[in-house]
Amino acid sequence: MAERKHFEVPKTFKGFAMKGIGNVGWIEKPIPECGPLDALVRPLALAPCTSDIHTVWAGAIGDRHDMVLGHEAVGQIIKVGELVKELKVGDKVIVPAITPDWGDSLSQAGHPMHSGGMLGGWKFSNFKDGVFGEVFHVNEADANLAKLPEGLTPRQCVMCSDMMTTGFHGAELADIKLGEQVCVIGIGPVGLMSVRGASLMGASRIIAVGSRPHCCDIAIQYGATDIVNYRNGDIVEQVLKMTDGKGVDKVIIAGGDNHTFAQAVKMMKPGGIIGNVNYLGEGENIDVPRVEWGVGMGHKFIHGGLTPGGRLRMEKMGNLIKYGRVDPTKLITHEFNGFEHVEDALMLMKDKPADLIKPVVLIEWNDDLE
Amino acid sequence: MAERKHFEVPKTFKGFAMKGIGNVGWIEKPIPECGPLDALVRPLALAPCTSDIHTVWAGAIGDRHDMVLGHEAVGQIIKVGELVKELKVGDKVIVPAITPDWGDSLSQAGHPMHSGGMLGGWKFSNFKDGVFGEVFHVNEADANLAKLPEGLTPRQCVMCSDMMTTGFHGAELADIKLGEQVCVIGIGPVGLMSVRGASLMGASRIIAVGSRPHCCDIAIQYGATDIVNYRNGDIVEQVLKMTDGKGVDKVIIAGGDNHTFAQAVKMMKPGGIIGNVNYLGEGENIDVPRVEWGVGMGHKFIHGGLTPGGRLRMEKMGNLIKYGRVDPTKLITHEFNGFEHVEDALMLMKDKPADLIKPVVLIEWNDDLE
Amino acid sequence: MAERKHFEVPKTFKGFAMKGIGNVGWIEKPIPECGPLDALVRPLALAPCTSDIHTVWAGAIGDRHDMVLGHEAVGQIIKVGELVKELKVGDKVIVPAITPDWGDSLSQAGHPMHSGGMLGGWKFSNFKDGVFGEVFHVNEADANLAKLPEGLTPRQCVMCSDMMTTGFHGAELADIKLGEQVCVIGIGPVGLMSVRGASLMGASRIIAVGSRPHCCDIAIQYGATDIVNYRNGDIVEQVLKMTDGKGVDKVIIAGGDNHTFAQAVKMMKPGGIIGNVNYLGEGENIDVPRVEWGVGMGHKFIHGGLTPGGRLRMEKMGNLIKYGRVDPTKLITHEFNGFEHVEDALMLMKDKPADLIKPVVLIEWNDDLE
Amino acid sequence: MAERKHFEVPKTFKGFAMKGIGNVGWIEKPIPECGPLDALVRPLALAPCTSDIHTVWAGAIGDRHDMVLGHEAVGQIIKVGELVKELKVGDKVIVPAITPDWGDSLSQAGHPMHSGGMLGGWKFSNFKDGVFGEVFHVNEADANLAKLPEGLTPRQCVMCSDMMTTGFHGAELADIKLGEQVCVIGIGPVGLMSVRGASLMGASRIIAVGSRPHCCDIAIQYGATDIVNYRNGDIVEQVLKMTDGKGVDKVIIAGGDNHTFAQAVKMMKPGGIIGNVNYLGEGENIDVPRVEWGVGMGHKFIHGGLTPGGRLRMEKMGNLIKYGRVDPTKLITHEFNGFEHVEDALMLMKDKPADLIKPVVLIEWNDDLE
């Protein structure tokens, strides 16, 4: 068992919270209990997510009261439970947005992100206080936290928590194979990572659907070979025209809405797979067009899923950065220094200026531990 | 190259055809040309399919004129092209409903049923004369026809062409694994074969959704452990109740309509797969319920596909009968003798009496070849 | 959290142990500590395994001192740790031979049987006291113990721990698909379960290689269609002859030795998979014949692996029995009543009389708990 | 059907051939017959392969008399059979080393490279005249030839035939997943392409085992992050040391000999997969070390296979070049102009100077067709 430094954990902590639908603010709470497998962590780098905005201002997951927001962080351990073996106070760690209960039946079935019930691995800022606190709690610390790879900074790794792993999962859900032609619909931060994911998994042509110039530029840097802008006409027609009427092999959905699935079905070959990582915030149904779906028999598979999380996943994300396969800092367009700026970063995400992809907040604690 | 018997192929043949939407009758046509890889075949056992009914009376695939119907047959070869190596005149063969072009790009990609375009492997009674003729043409004969296994009769094997392979494909699309709990929605002939397919692939509990007593009885014989009748209440609620609120691991859809997908999504665990083999005849969209689909992130995969066809597939179906894994003759509720009764069999399929599962027509030619 | 009955756990327990290589006997030990996630269990049904024999008399895993033997059990919980949520004192449970650490990296990678290092999920009678004690310890109880299915007895389920799951894993490793032709080499208890596994996964022809009449008889009952006896000649030649020189699609190895792999390679088609579940006790290398392995390029994949374990796996095994897909009691040829007979059962396994497949020991405790 | 240019096919052609084991030379032969599905092709770019050397000087596939050598080519069609639909005289095409019979049972089973029997898809310079002729024959032309992508030259694409597709298949056989750590043993031209394949499929760290400086340099350019040189000590020890004793996730074998498998097993984690694309030229057995292979139960899968071929595969290879994912011309160290230099290129391959990776021969025909 690793040697443990001492750190005096305070009794309470401040966090930036959802107070109710449409209502945010700073709150102070007692430090959460640290069970035998758990850890308490303080943030070194944070990023707000569009889903925080949905949660607060669209009430997408229902009402919440005084729930600290945020699920993207690199942090530093300030306390570990007595059964934690591989981590110790002072360790810097990548914190995944998804922190499964690894013994759960759905985890054993290969779906840890749904441990305890559908989407149950997503705890932070969903049904538990998130990472926008001076301190936050992590369940099953050994299994859920990855040490920050040597030589990498919190800033370089804070996109691992959600953007990278979620974007890449789109490519995994679509099961991209060597040489395939892929369309990525939506090139916000997740979609840009889906472009990179498709490229990393061996796609040949990657058609990115988007319109904001800065995002298009980054898409090209991440491996897109073509840009389709919906302002130039129906995206299905554009993609079919570019592929001699045949369509692409696979589609990744990382933006749009419930009707995007119909577009994806129409632009894809029989035998293709749609991989969705877009959080669908409203509407009753997703529409799948009967005829273009081959009257039920077109082998156009529709997949959608929450990103995997946990330690191993974060280690893999970290290694992809460390070994030069992806530079997620291209996503970072705005940067703040100091924990208190988490509020500014979140409001920036809400206001979405044209040049925004992703803001981050970097935090220094200036004490012995660091 | 095998020795070839002589058979005097006539100049024309009679067939029972779709003359236009809602209109059927006997026609006479010239014998089709037999290319170097092809074969001409005469039927020994035939079965009409619900899709023939859809094609004629619902106009499901659009209008057709003087197209011979039918795609389920066991037959006997009366002519082979000069490059056919493994079959000879007189051979008795299982004829798949799906006869791919094996060199096509989509075949090379692992989707032969879509060779030449979506559903393009389905040629008989779709865009080519079907098997309800005294003679029918088979493309790429070596690759598409399987010899009737020794010891088996045409009657035993005529369900291979479509019912068995399609029903089983539902289980394959749902990727049934050892010990999983499965719901099969719809227990007509295809659904009953999906029940058997789920059982053959190792399901533990199999909940069959249906109401006709004879079908329910056969479902039990094929491996269903529970029957759910929609007349006893909402099927989603019934299935959830039976599984302590957790739902089943997988769902096979072999009946119902566009709304059946919503039921399937609701009764299935995260991480599950829906395998659809139901031909969806009408309506614009299939509905996928947003919330129960995990707001796009529930890992509830939606698969649907046309059955594989071709020689190897039919050989496997034949072997499953030969080695006692399935007895498809349980599906046969009505039996006719003589080619001319193909009309009666089809009309029976149209009228659907309560005790009907599947009619077959058996044909003897009483000549030297047989 | 479930209500908990009281049970007075004693201070020490008796167990039948390996005292050193070639040396067994009864020992008494202090009751193991029960951590917050753990449980203490007493046996209701036990079975010795050939690997216990290898461990003691061949020293296959090296020397061990005063290690209680056994890893096949159905038991009853007598104590649970304070974080155990789904189990309570008095619950009857199926105990898997393999009890992974579910948070481990290799578990997260989908290989829980290797948690903590190769074969590390196999703890009982390997590097921890086994189940042949009046009391035994189970790590991560919620994640590793499955409740005995309602209506089933300990006798019916004790083959789940190892024989069923291991035998079935052979079929999984070979990735048996609908209609494939399979050879199972070795039809001791594991091989018989591989026969049943191949049948459950949809094999058509199943050729079982064995010689003992009782085993051959049970193999047929479990789904074998042909028996090959090595006394009648080279098994490769026999299998090739039966398959017109083409070979089988897949091979499961559940017996034999290091040279069995060469036989498997030679009797299998290109594109086939060998699934090994035989514990290879001696010799330096497994031999793969270069030429028949396609000079490295024959797509004859060689897989071998320890069975999965844990709760979900045991639940699936239990359900396969409950829903009538398999009756593992056919394996039970000898039966003892009373914990003390575990010694007799083990010695029987060592002596291997001709009519032995598997002995079990049934235990009644005759107290309030039961 | 495409319009067809006229080209006067000569009666005979010259080719560089194996005359017997250890004996090569120029021969003249009658032009082969062009069946209805076939094409005759003349070369535009050629490359000799180490396997040509094995075939002639090691007699690796047995004796051959007057068989034209070579299986790597880009060519131009000079004649097509009457059933060829998508190609016409004058078309420039990538010619795969592997030209399957697409209707064969093993093709239908997903293993076209073994159509007609193990390795049966490999026809050129194996059991049919190869591509080192002024004219060569291609079976099933529509299904086996890919049009040269617009904008690419024969020189850019001649590595598609074998080096790229074979090297990449190593990565496919090892089933490389996002973020995995991979070791590639052997960095000749195939191994270098395996490095690029592993990188394209998303590996993080790629450890390349090799010693020749130029190859090491190219390996780094193709994505290797570390080089291990056997001259610096045992490669297993080096790899284990670099990975903190844990080993890599996957191993690709693209060089070495029968004993290389033992090294691969020893340096790989449980749950890993070895993907072999090395043609094993001699020795009776491949050795798999019993203990490190987990006594048969370590889930260290051993895969090896001949590359896929055919049209779709070549189209994918072409697209990977066209869209900038790989530049295979880095492999080309020596270049000749004129068909007659195929002899020089082959002898260079035999002599293997230190700076050689791959020689190519470029051919201009200077006639109307070109």
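Letters A, B, C and D mark the chains in the order given here, with residues in each chain numbered from 1 onward.
Operating definition for what follows: contacts are C-beta pairs under 8 Å (C-beta built on N, C-alpha and C of every residue); 3 or more make two chains touch, one makes a residue touch a chain.
Treat the numbers as computed from the prediction; the structure is a model and nothing was measured.
Judged by shared residue numbers over all numbers used at their interface, chain A and chain D contact each other through mostly the same positions, with over half in common. Residue-numbered contact pairs of B-C overlap by over half with those of A-D, the repeat interface among C-D, A-D or A-B.
A separation of 43 Å divides the Cα centre of chain A from that of chain B. Chain B and chain D, compared by their mean Cα positions, are separated by 40 Å.
Counting partners per residue, chain D has 109-110, 315 as the residues that reach two or more other chains.
Chain contact topology: the protein chains form a complete graph, every chain touching every other one. The touching residues of chain C, when paired with chain A in their complex, are 35-37, 83, 102-105, 107-110, 112, 140, 142-143, 310-313, 315.
Within the complex formed with chain D, the chain A residues making contact are 168, 171-172, 178-181, 197, 199-206, 225, 315-317, 319-320, 322-325. Across the complex, chain A is touched by residues 60, 106, 109-111, 113-114, 117-119, 258, 261-262, 269-271, 276-290, 293-306 of chain B.
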